Amino acid sequence: MKFGVVQFPGSNGDQDAYNAVCDVLKQPVEYIWHKSTAVDGFDCIIIPGGASYGDYLRPGAVASLSPVIDAIRGYADQGGRVIGIGNGFQILCEAGLLPGALMTNSNVRFKCSYISVRVENNFSDFSHKCTVGQTLSLPIEDYQGSYYCNADELKPLESENSILLRYCDKSGKVTYDANPNGSALNIAGILNEAGNVAGMMPHPERAVDDILGSADGVLILKSIAQRLD
Amino acid sequence: MAKVNVYVTLKPELLDAQGKVVQGALENLGYTGIEGVRVGKIVEIEIADAAGNIEGKIDEICRKLLVNPNTEDYRFEIEKG
Amino acid sequence: MAKVNVYVTLKPELLDAQGKVVQGALENLGYTGIEGVRVGKIVEIEIADAAGNIEGKIDEICRKLLVNPNTEDYRFEIEKG
Amino acid sequence: MKINDEDTMSITDTKPIKPEVYKEMGLNDAEYKAITETLGRHPTYTEVGMYAVMWSEHCGYKYSRPILRLFKKYREAIDGAGLENAGIIDIGDGLGIAMKIESHNHPSAVEPFQSAATGVGGMLRDIFTMGARPIACLNSLRFGPLDDARNRYLFEQAVAGIGFYGNVVGVPTVGGEVYFDECYSGNCLVNAMALGVIRHDSVAYARADGPGNPVLIIGSHTGRDGIHGATFASVELSEESESKKSNVQMGDPFAESALIEATLEALETGYVVGIQDMGAAGITCSTCETSAKSDTGIRIDIRKVPVRETGMTPYEIMLSESQERMLAIVEKGKEDEIIAIFKKWEVPVEIIGEVTDDELVHVYDGDELVAQVPSKSLAEDAPTYDLEGREPDYLAGLNNYDLSGLAEPDDYNDVLMRLLEVPSIASKQWVYEQFDHTALGNTVVLPGSDAAVLRIRGLKKGIAVVTDCNGRYCYLDPFAGAQIAIAEAARNLACSGARPVGATDCLNFGNPEKPDGFWQFKRAVEGLAEACEFFDAPIVSGNVSLYNETPQMAIYPTPTIGMLGIIEDVNKRCSSEFKAAGDIVVLLSGVRFDEGESLPVCERESLGGSEYLNTIHGIVAGRPPALDMDREKRVHKALIKAISQGLIKSAHDCSDGGLAVALAESCIAGGLGADITISANCGPSAALFAETQSRVIVSVAAENLGLLREIVDECRVECTVMGTTGGEVMKITINDVEVVNVGVEELDSCWRNAIPGKMAETGVGC
């Protein structure tokens, strides 16, 4: 079972994602250069976090036009699993692989912090190791992490169980105060309609060891790895 | 030679967080009667060759890269030189 | 009632990292003859009361808050309504 | 350019440069004369510019070099192989940490966002130029009080700029400090620090060996920005500096992140002979310093330098401080391989010349020779001056200020809360939330504790890092204040379980040409030099920022220390918050106890220089608290040992605001109250708020108290049980009188909302 981690100029979460797959999942993993279109043979492709192309213009806008994303579009159409984390989520939205967009945080400041998210869906390949309603502690770090989509897209997200994670308080309640950036419906992560493409602003790959403050990210990584078994 | 100014603004129905902060700041500075502030982008492009369907080309560039149609509107001006 | 558009652009002698990336992306998309791209800001302000020296007021707002005179130039248009 | 021909060209017929011109650039008559003597002719305009920047204080250290020799590592480097971009500290296992701190003060007062951003960029380049992979950034920031809108603007923009750069590059900003004081109003301090990991066998050097080897310029195109930035950093800020504004440098963290990956990959090949980043004085500095170090020369054609604008003069190209650029010297015949690596990362790269054997820097503008200067005269022969220092007249009066008449406050709860609200003491969450501190996934102790702790992939050991300096102490006694900065940095490391292994310093001072200013500078360096050796934290790198004053005021002398420590087992790291109800709260102290007493002998004077005195009484006077380095070190030893055995649940040092503030911070961070009882032979204000040194508050499980006592006895450290954790209230009883009783939630909200509250008074610009 082979993981791919896409490398864009300037993306910096690639190493975290790569190391997490090596150290935590102990699975084979390879970098995929942004100009490459060779995406077959991977069991899951990670589009990592961290400022591809400097987040210039709009985060993810430039990266979404790269050859690798075109190839990933085909890969996803055939049911290939893709997870975008942070900037990776932004890229997937910009590329139209996920609905909606990520907008500037409501306080117009970058925010880095451990937050709590509630698992809304545990049928997916990205969350079946969790229970519905479980609270995960994960770090966020973004300036444009506020999820938005129009009403037409929002309804199906809700009705089709495509909301993966929502910002909540420590006890698991989804409240206004627990929303760190103004996201619609406190959305922190979503799935596409087919359930094989996921995007999330929190970083599970950085929360993989109690010593780092949380190992809750392991549940998400293991969900991916074990469904593939 | 053409100089193109593309103006990209947030769709009016969306909350403009940055605009709101600027508005608050203006109010703090004592300016009254500010009813709304919205912050958008200008992208200035210089193109060597202004022949052909330049409008069509710019429009394409906007839709492909400069603008996120989910959240933004745009208009542009072309100044041929 | 007045609607004011303030256009804020980076001084021409300064490096526009954003513009450079946009230019590179356009070239990668196959657009040729792009000689330069610069990214700036528009701030749209709605003011209830357009009486008095509104130009002066807007200019002051630009200098106090909207524009960083070390790095940016600006111009504005006022549309009285 | 005929660079392959025998270089027979030389510059003749030069005319004298007008004194106004070289003076405007910062050279004096004697320096100009020395240049003409070295060259045997008058310099060209380009050459004067090159000398002016290289001989400025910022690059040439003309006033500070004699003093910096007090630092052992500096002396050894200057007398030996030469200084490198950053110092390297051995951490065992074949690995080292490259570490450096640097100021971006003057530009920040003019254009805070870009200056803070480029400060971070410059630091990172110093690190990866050595071949080290950057793993963390820290910073040290000082501004005037937040009641003033201009100060709020500077603070907000500097923080945003640091965040912008570090967050986009993807190196976590794991710690730092922020202070506010009137003395920084006209002259804020923005110091950026970075560190990276490196294998000892793959260190890269700033050298230009091997005549004939090609010289490459790498990275962003050269523009007109920042010309004479180094000179600018070497004068006092004045109205006139307003007109130099247009030389702000713009940072491009995206370009930097590609530069990091490409450079590290190029260095891996082993074909890079030498490499130097371009900071102050750009191409001038990198060409002359690398060749001077290798006893070679360099010949370049500035027309080969990729430029952003047309019509740039040789002078402008040689002095530009455009960011995200490097100079590399590559093994002849391997240049294509190296160039291919940079191309892959889409980083611009050009061959601009070659190494020569004549020890000269030759600058061609196409066919025309525009400068030809001995490398060493630029890089090493900057004149140094022994300035005169004199103890400032005001100092004796301040030091001997009589504090005995101070009234005790009526309400200690109120005083405590007022101190927690002082922005220098209050929570810095507003700041560090704007920095990505979890990037790279190695941050073990996040901002908010004493020192930041990082794991190193594949190793059991971890590292701890911290920045520290109390400028007020340094103002009252630069020698003692500097020593306390070192002691406190080491103490913060010890609180996380780390022993210090090295340090870096940023010497922020006023005008050295004034005897007061020079005395402060010299005394502080003397203090640092002695203390850093004593605490086994040799200073391996640093930076000097002088002239931090306005016509109204000089800053407090502020020798910021960045210190690195090692934790043998990173799983054993400790943090500052109380962990569980029912734990015993213990004070470890290096201060002498009198028979039968459970708190140090303290006198009124120990309130000298304290935040209490400043905030509650509006007085900056007295002497800084006394430091006994030997006792201090024993506390660290006991603490590190107890932490390594897993005996201690939390540790937090007493610093600004004294014992009461430190207790409150451990309560707030842990969301737990404490019931504390102490006895003292001084007034409650001194017992609660004196900033007596060498003290650490720890919490331990009751069953481990005995084992802890054994360790502290063995280390000859005082250990006083003060109470227990638990409940929702923090209570302090002194000599049977309850003086403090406040809910932790109330303390928390004072402390947490102070900075956001002040900042909400303004809005962000866009």
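By letter and in written order, the chains are A, B, C and D; residue numbering begins at 1 in each of them.
What we mean here is this: contacts are C-beta pairs under 8 Å (C-beta built on N, C-alpha and C of every residue); 3 or more make two chains touch, one makes a residue touch a chain.
As the structure is a computational prediction, the values presented were derived from the model and not from experiment.
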item: Contact-richer chain pair [A-B vs C-D]; value: C-D
item: Distance-maximising chain from chain D - centres being C-alpha averages; value: B
item: For chain A paired with chain B, centre-to-centre distance based on mean C-alpha positions, whole Å; value: 29
item: Centre-of-Cα separation between chain C and chain B, whole angstrom; value: 9
item: Distance from chain D to chain A - Cα centre to Cα centre, in angstrom; value: 36
item: Residues within chain B bordering two or more other chains; value: 18, 21-22, 25-26, 39, 64-66
item: Sites on chain D at which at least two other chains make contact; value: 252-255, 346, 763-766
item: For chain A, residues that touch 2 or more chains besides their own; value: 53-54, 56-57, 62, 65, 108
item: Chain C - residues contacting chain A, complex; value: 17-18, 21-22, 25, 28-29, 39
item: Contact set on chain A toward chain C in their complex; value: 53-54, 56-57, 62, 65-66
item: Interface residues, chain B side, partner chain C - complex; value: 7, 9, 19, 22, 25-26, 29, 31-49, 57, 61, 64-66
item: Contact footprint of chain D on chain C as seen in their complex; value: 11, 13-17, 20-21, 24, 41, 43, 65-66, 68-71
item: Parts of chain A lying in touch with chain B, wherever the complex brings them together; value: 57-58, 61-62, 65, 93-94, 100-101, 103-108, 146, 148-150, 182
